Amino acid sequence: MKRLLHTLLLPAALFAWSASAQAQDAQTQGITDTEVKVGAFGPFGGPAYLFGKIAMNGIEVVFDKVNAEGGINGRKLVLIREDDSCRAEGAIAAVKKLVYDEKVFALIGGACSNSTLAARAEIEKAGVPFILNSATSDAITTPVARNIFTSQITASVESRAQVDFAIARGAKKIAVVAMKDAWGMSRYTPLMKYLDEKGIKLVANLELSPDASDATPQALQLKAAGADAVILLLYPKPAAIMVRDATKLAFDPIWIGQSTINDLKAFNAQVGMPGALKNFASITSTKFDPSDPAIAAWNDRLKARFPNDEISPFNMYGLGSAQVFVEALKLAGRDLTRDKFLAALGQLKNFKSDAYFGPITCNAPTDHQCNRTPGWFAWKDDKLVTLD
Amino acid sequence: MLLRLTSPMAAGIALFALLFAAPLLGANEYYSYILNLMMIHVIVTVGLNLVMGHAGQLVFANAAIFGIGAYGTALLMKHFGLPFWLCLPLGAMLAVSIGLALVFPALRLSGIYLALATLAFAQCALWVMVHWTPVTFGAGGFTIPAVSFAPLPISPDMGMYYLAWAVCALLVVLARNIVRSRIGRAFVALSDNEISAQSLGIDLLRYKAAAFGLSSLFAGIAGGLFAGTLRFVGPESFDLHQMILQLVAVVLGGIGSLAGSVIGGVLIVVVLEFTKATKMSVEIVFGGLLLVFVLFAKGGLVVFIRRFLPSWNETLHASPAPRSKAP
Amino acid sequence: MKTQDMMIFGYLMATGLTTGALYALVAIGVVVVFRATGVVNFAHGEMFMIGGFLAWTAHVMFGLPFLVAFAAAVAGTFVLGIITYQTTFRPLASTGNQNAILLAMVGLSFVLKGIARDLWGGRGDYLSFPPLVSPTPVDIFGFMIMSQQLIVLGAAIAVMIGFWLFFRFTRAGKFMQATADNTKAARLVGLRVDRVFMLTFAVGAAIAGAAATLMAPLTLLYPDVGFSLFVKGFAAAALGGLGSIPGAIVGGFLLGVTEQLSANYIATGLQEVAAFILIFLVMIFIPNGLFGTAARRRV
Amino acid sequence: MLQVEHLNVFYGITEVLRDVSFTVPQGEIFALLGGNGSGKTTIINTLCGLVKPRKGSIRLLGQDLAGRPCDQMVRAGLIQVPQGREVFASMTVRENLEIGAATRPAGEIAGDLQEMYALFPRLREKRDRLAGALSGGEQQQVAIARALMGRPRLLLMDEPSVGLSPIVVEGMVETIRDLNRTRGLTILIVEQNVGVAAAVASGAYVLKDGEIAYSGSAPDLIGNPEVLASYLGR
């Protein structure tokens, strides 16, 4: 029995020893004089690959450009990608692999809210700097973890902006149509909270499945409730069906989308009804649509590097976060450690990237949500226009 | 106690010895985590094989039962602040009670009907996880605190690892004894032919309940360990992807083989990591494995092992031809 | 208020019937295969999905006329049905092990989904398919109905009639029916039963391909569309007794209407789960479907 | 007409027919008799291709057909009227008959159909009824007519009297004789009902445990109490 106890305690003792050894290396893990290893995790396939693989392509072209220009302080940036399949167990595995096996210096990524949230404890424990670039759930960055920052607009910022937009447009009867999946709930909860704060009572609070091919009941209920503004917590496909079926009933309130509906040209085609988008506005965290000449140079790099992947607004998610990373790395200086990097990142002020709509400002240690400026897009005369 | 040191058993002991030693021999946290997932999948696969292989009942709800075990365990911790060691068995009991409810369709249905009815049940269970927000925290899932193993001086991760190790070893031994017992033989009779099984005096209700209860117990415990290891529970962990993972594990190792279940449980985790690392499509790899093994290697990998290791003397209980009865 | 309630009910019924027609088409494909072979083609949804993508490729990518796209989808899924038969049913049928056949089909369905994702998945999350007719809704007795929905309803009925004629008047149709009725006797009169089974799988899949092309403008296309439609189709088929084509049609309409009504009058969240609840309840309590075995008579 | 030589059939590892040889001459009715499990049905099923023999030959008009699949046997002219009728229950009488001609070009069917109606007037009356809704005797007529639609050279009948009332059996015996007499059809009939066999057959074989135990003319054989006692269990 005594021996058994010893055998049981041995691994614990060893583990404690190895953990302390790790802590010493951790500060400079993944750094040599010539390179910095950076890990990215997100889905490579499946419905959410846009937030994973496509965003990573954006990171990659920024790193390529930096490397072509000689790197940062003489160090080339090496991106190591891991597939998390958008699943909790996958994200934990990916993070552990990147941190303990690949021994990266920092992480960029996090595509799906649930899987990234699941990996948060692991990231926090490992102390590895992490810049979140796609998932919008607030729970990943609040409460604040010392080493976790986001360069993406969070769900609560967007939800508040949606409500404010409705009020600013004079809406009196606001309704919500939401998906009740992980993504939808991460927005729905802060939205309800904010509506409560504002004392706004919804005239209709409806659900639509991501797989829905019909939204007539929802459209009828919205119309019956006389909603003048409808907040959509929906992916583009159900949103398109919602707008289509409402238009069919000659019901056209102010539609208020959010950042997943960021390709309004494709969205207009999915709705497939002329004029359906005349009262439609959507949030964007990025500045440009893919066809904008202002980012032509980046698009050319993307096309050259990833000829098989289409240029997408989601490339911008990776691009912006990578630029934030590069900026913080520059500021952290030559004698790079994780602490120095985190300090530099935490003090970013008004950093203007090529991708994000607004500037990036991190207020460490109280607030690690560094992007608070949503932009508004609309579709006018077959063109994307920015609203003020 | 007399142990006949047969080949599958020797291999099993060696495997568990290796699993015990792996963290001591310097497996980093990533590998420990992967090994931990392996042990959890071994438990699930052994349980699923009892009902699917030995008793010949095609159940597509096992991923959901696994999820119910995880939710049960984690929700009890979250809502009532109960300790993990208490929540794990309670969560498993919840999984068993819901798994037992599936006996009633199973008494009337078999084959394709049972498979699709249980698949529908699984999707309903997922829907409840997503929509019963006040209790399940909805689609966004929820986190639970790290499981403390105080007063043992062992980190939560290592604690979960060795807990999974001990539970897995225990359940594999339990399954071995069940397979060799009267219950195990009754399962096989059931899978061969329900009507003749009845005429042999086998009580259908009791043994189907035993098969479903046992597989749910295994899945429920595995779910609790899964929740404790991940410290996060969300509905998408228990969807169709999880279902095909479990089906592949059973078929890959060998339908109706305990050793095969252990092999299958270990291998799917390896294959999954390999697939992701090589950027292959998880769907094509796992769907393809299922298709290829069902078509060309019906007995699974244990058949190959038996061919090359004459001392591999496990009796297989693959049901030869469970025909679907009309509903 | 009364008239508005009537109005809402009318809309729900109209939409329920159009989506129901689609479910019925999917269900017919499931039933055709089930009647002949006694197995449910688990990969049926993937036939639908790939049919839709084939039509999209022909119509949107290559700009071919809609009818050509329709033919391409039907032909493509016909071949896919043969592949399904060859890879799952034929090698395992002689063992009589239905569990193995079903597992093989589950495997195949994942493989097809993965292939579709590789081929068509990397173009954004959903592909849109332009409607065939003017997107302006038409006014029928005061109801605004999308022309596309009317087209779907009409085309679905046309496809149903087409298949009825096929089974009623063609030799191939009768051979399929005879094989479904009594496989041993079919063999004894000299039918090549394996060929008939293959044809059955192919025809079942082709129906899915036709349905997909009609529905693509309404459902939009993505690799996961197959499973959810398979579930709807299977629920409709189960409701009708699995072995009956009229049962499948009625089941499809019932499911379409039930979804709409439960979404409107109970909770919108029920829309996605109604089919599953229905399957579970029908399988347990009325496994012979609403029409019992009596409905197993002819198509 | 039909020559079967050294036929061996196995189910798995069990030998169910051992070195069976027999002949059926053109234009005759022969009977295969035997108790349960003697292998009668296996012979019929081997003749029509449902079961593959391991060894031996099946010659119809000199052509060896052993091991061919069902459809080729039917095309060659070996057509079975199965035990228990096995009609297509959910299809009409007419459709049943049409499918009986599955191996023949569609254009040739109409004449044969009229011929069948002439042969079985009941079937004309009930041609649009579902076969499953007919009486046992009528179903037996459907089964026979369906087999005839395939234009058999040798008609195989597996226990045609099972499950039918004595009066119906009598009518059926008449039909069988009639088919033989007026159309010159060669028939091999498997029976447990010795009376039926005696009434129609000219020659007979008795099977026991998968072997031909006795052969001879039907009246001889059936008049022989020893044969009846030892082989047919009477």
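Chains here go by letter, A, B, C and D, matching the order in which they are written, and residues are numbered from 1 within each.
Note that a residue touches a chain if its C-beta (ideal position, glycine included) is under 8 Å from a C-beta of that chain, and two chains touch if they have at least 3 such contacts.
Just so we're clear, the structure is a prediction, and the values are computed from it rather than from any experiment.
Common neighbours of subunit A and subunit D under the contact definition above: C.
Think of each touching pair as a link: the shortest run of links from subunit B to subunit D has 2 of them. Farthest chain from subunit C, judged by C-alpha centroids: D. Here the chain at the heart of the structure, going by C-alpha means, is C.
The geometric centre of subunit A is 35 Å away from that of subunit B, both derived from CA atoms. Centre-to-centre separation between subunit B and subunit C, using Cα means, comes to 33 Å. Measuring from the averaged C-alpha position of subunit C to that of subunit D gives a distance of 42 Å.
Within subunit A, the positions touching two or more other chains are listed as 45, 180. The multi-chain contact residues of subunit B, meaning those touching 2 or more other chains, are 131, 281-283. Annotation for subunit D: no residues touch two or more other chains.
The chain pairs satisfying the stated touch condition come to A-B, A-C, B-C, C-D. Partner subunit B is touched in their complex by these residues of subunit C: 38-40, 87-88, 91-92, 95-100, 102-104, 106-115, 117-118, 227, 231, 234-235, 238, 242, 269, 272-273, 275-277, 279-280, 283-284, 287-288.
Of all residues in subunit B, only 23-24, 26, 28-31, 33-34, 37, 130-131, 133, 138-141, 143, 146, 152-155, 158, 162, 226, 230-237, 241, 273, 276-277, 279, 281-283 touch subunit A in the complex they form. Contact residues on subunit C toward subunit D in their complex (touch as defined above): 171, 174-175, 177-178, 181-182, 184-192, 296-298. Those residues of subunit A that touch subunit C in the complex are listed here as 45-47, 49-50, 180, 206-209, 211-214, 216-218, 220-221, 224, 235-237, 240-241, 244-245, 247-250, 263, 266, 269-270, 272-274, 308-310, 312. For subunit B in complex with subunit C, the touching residues are 52, 56, 58, 104-105, 108-109, 111-113, 115-117, 120-121, 123-124, 127, 131, 240, 244, 247, 251, 281-292, 294-295, 298, 319-324, 327.
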